[in-house]
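There are structures below to look over.
Look at the two complexes coming up: chain A is in both, with chain B in one and chain C in the other.
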Partner chain A sequence: MWQWFYKLGSPKIFYAMTERYLPWLTGITVLLLGVGLVWGLAFTPPDYQMGENYRIAYIHIPTATLAMGCYAMMACFSAGYLIWKIKIADMIAKACAPIGATITAVALATGSLWGIPTWGTWWIWDARLTSTLIMLFLYMGIIALRSAFDSVDSGARACAVLSLVGVVNLPIIKYSVEWWNTLHQGASNLSLSDTAANPPEVWVPAFFVGFGILCFFLIALILRTRNEILFRERRAQWVLELLSKGEAGA
Partner chain B sequence: MVAGTSMSMGSVILATIRRELLLALRSPGDVINPLMFFVISISLFPLGGGADTDFLSGIASGVIWVTALLAIMFSMDSLFRADYEDGSLEQLLMSPQPLYFLLLAKVFSHWLLSCLPIIILAPLFAEMLAMPDAGRMPLVLGLLVGTPILCLLGAIGMALTVGLSRSGLLLAVLILPLFIPVLVFGTGMVQAAMGSLPYTGLLSLLGALLIAAICLSPLAIGAALRISVN
Partner chain C sequence: MLIHRQQKLAIVLFIISGSALAVGLVLFALNEGLNVFYTPTEVSEGAVPAGQSFRIGGMVKMGSLEKESLEGTEINFVATDFCNDVLVSYSGPLPDLFREGQGVVADGALNELGTFQATQILAKHDENYMSAEVKASLDAVEDADVEVCQQ
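Coming up: the complex of A and B.
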């Protein structure tokens, strides 16, 4: 187990290993998203209050959760880079920022689309909406900070410190709906019983979509990290060999 | 500081504060400009938005807090920039004294110079913006507890960007999002008091943020300075 972990720390082995996993991951993503979206959008019965509108939750909830998860992940890899100087940890943290910013933007956009029919407004300065918006700003700040440094190493360490400082925002987002009773609802309860507010035919497809979006996120993350590896190791022998092989193949 | 190790912690902190105050006295522009920014931008709001007292009293707490926040952000440049350029920042990092307390002393003297005048002027501007009397006390208390948090957070951003040649707008992008919770609680206090509601809860939250910021941010400032100085 540990040996596998150490090996992944080497950019070369990470590159080779992800090459093997990517087709599987792609297959699983297509399967999960296909099943979940068709089931959730076409077959799940409409909500008795919100009608068909609630179906946007199938995109909104997974992306909003993932937006926070991505930040937590970026912070963990940043800490890993600062403490153990693992190069690959910084490359993954760098890949997290633009993907996380995009996911946060999707979560905000789907949330406001959902807000128009149900709340009667697409935006309100509610605690959870505002703290999610702050998270989007934090992602953008991290991207801007990295691009401001000429030295890859200084930029990486500065971004790692900033990511860790921004972690303060995560519990604020998570608990904002419990601390402040504003418009955004709290987390829903999931139950297997037929009489529950959210019966299984509502949340089981949501799990398919959720894991599908998670896998999609991992694919995007791996692809960006692989690009970053090729760029930073562009003078390494194995990258040069790989590139010349690619040219010969094409 | 020749015999660095023989100095007691207290005298080192006092020496740091005395040095900062003396430097500010020698180049008063660094202290006066943020204050002038605060004064001038507040006077822009009645000119641009209309001098109607109902409108002004509605936005007064927000305007004072936001302009104070921006003034503090612009003032951050004087915290590390000169020290970075003349090399005394490296001396600070290499000093045998705990960096944690040196940085706290530095940020504290910055707060004395750039925030205290703003806090003293705030009630005057509250009056000029037609804020009801009930809002004055929570405004000053909120600024007293909130502005040190802003200085500590701003110092993190400044420490991260001090090595970059043009860092002004980047600094804004980095630290303004982190300022938002303080702004929300600070203006919330004034709004609560104006609606005759208790504001001690929000003040306690700000106090908790201040304690957390005092405990943790010097560590982040130190780490960021080491990156910038290299």
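Coming up: the complex of A and C.
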């Protein structure tokens, strides 16, 4: 177990090992997203109040959850880089930022689309919406901060510190709907009973979509990290060999 | 762990706890200001900003919604938090979800009669999603819509 972990820390082995997982992840992503989206968008019964409108939750809730999960992951890898100076941890943290920013933007956009017909507005400065917008700005700030440094190491350290500072925002997003009055509703209590609010027929498709988006996120993360590995190790013998064989792509 | 790794770990923990403390103090100081609306209880206690617009939030009281005229868009209703009530009057477009027994957030100001003159009405929905069949079976078992003042 530890040895497997230790090996993945080497950029060369990470590059070789992830190549094998990518086709599997792609298959699982297509399967989960296909089942979840068709089930959630077409076959679950409409909500008793919002009718068909609420189906956008099948994209909104998984993306909003993953946007926070991605931030937590980026912060963990940042801490790993700061403490142990693991190069690949920084490369993964770097890959997290643009993907996380995109997922956050999707969560905000789908939330707005949901808000127009149900709330009567696409935006309100309540604690949940504002703290999520701050997370989007944190992601974008981290991307900008890294590109402001010429030295890879200085940029990595600055971004790691900013990522760690931004962790404070995660519990604020999570508990904003409990700590303050918001227009945004609270978190749903999922029920195992078919005759209660939030029954399995409502949330099971959301889990399919959620894990599907998670797998998609992992694919994007792995691809970006592999790209970063090739760039940073471009003078290493194994990369030169790959390039000469034409396997690294154009 | 090596000494310098422990120092790095301490720095990481310091960054997280330091920023958490700073942000926590700011949020604690802002506390009430971060609420997006006032409750009818706060309105009746006079805790709302005088002479300026603010939002109130509550539930549209069952049986309180009345239209001024059949074709008009002018409405009156009572917003309640089950402890105190505020009479709201409004004229304009309404979100689809606006109805009796539903959460509402209204933007506007109190007039001299103590009526809340709303300029915008938003609907607030809860986190319980279910089909009409499940809702009907729930209602058959219990009086789900009866809520009481919790203070």
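Everything that follows uses one rule, which is that the second predicted complex is superposed on the first by the 246 of 250 C-alpha atoms of A that agree within 3 Å, B and C clash if a C-alpha of one lies under 4 Å from a C-alpha of the other, contacts with A are read in each partner's own complex, and residues count from 1 in each chain.
Here, contacts are C-beta pairs under 8 Å (C-beta built on N, C-alpha and C of every residue); 3 or more make two chains touch, one makes a residue touch a chain.
Computed from a prediction, not measured in an experiment: that's the story for all the values here.
Undergrad: By the touch definition at the top of the document, which applies to A:202: first (chain B), second (chain C), both, or neither?
TA: So A:202 only meets chain C here.
Undergrad: Considering only the touch criterion stated at the top, classify A:172 as touching first (chain B), second (chain C), both, or neither.
TA: Both partners.
Undergrad: In the superposed arrangement, does A:72 touch chain B (first), chain C (second), both or neither?
TA: A:72 sits against neither chain B nor chain C.
Undergrad: Using the superposition on chain A described above, determine whether A:161 touches chain B (first), chain C (second), both, or neither.
TA: both
Undergrad: After superposition on the shared chain, which partner residues are touched by A:105: those of chain B (first), chain C (second), both, or neither?
TA: It touches nothing on chain B or chain C.
Undergrad: First (chain B), second (chain C), both or neither: which does A:242 touch?
TA: After superposing on A, A:242 lies clear of both chain B and chain C.
Undergrad: A:145 contacts which: chain B (first), chain C (second), both, neither?
TA: first
Undergrad: With the two complexes superposed on chain A, say which partner A:35 touches: chain B (first), chain C (second), both, or neither.
TA: In the superposed model, A:35 contacts neither chain B nor chain C.
Undergrad: Does chain B (first) or chain C (second) touch A:13, or do both, or does neither?
TA: The answer is neither, since A:13 touches no partner chain.
Undergrad: More chain A residues touched by chain B or by chain C?
TA: C
Undergrad: Can you list the residues of chain A that touch chain B in one structure and chain C in the other?
TA: In chain A, positions 82, 161, 164-165, 168-169, 172 sit in both the chain B and chain C interfaces.
Undergrad: Spell out the residues on chain A that touch chain B in their complex, using ranges where they run on.
TA: Answer in residue numbers: 82, 130, 134, 137-138, 140-141, 144-145, 148-149, 154, 157-158, 161-162, 164-166, 168-169, 172.
Undergrad: Spell out the part of chain B that touches chain A in their complex, as residue ranges.
TA: The touching residues are 153, 156, 160-161, 163-164, 167, 170, 173-174, 176-178, 180-181, 184, 217, 220, 223-224, 227-228, 230.
Undergrad: Quick one: which bits of chain C touch chain A in the complex? Just the residue numbers, please.
TA: These residues of chain C touch chain A: 5, 8-9, 11-12, 15-16, 19-20, 23-24, 27, 34-39, 57, 93-98, 102, 105, 120-135, 137-138, 141.
Undergrad: Note which residues of chain A are touching chain C in the complex, please.
TA: 45-50, 53-54, 57, 79, 82-84, 117-121, 124-127, 161, 164-165, 167-169, 172, 179-183, 185-189, 194-199, 201-202
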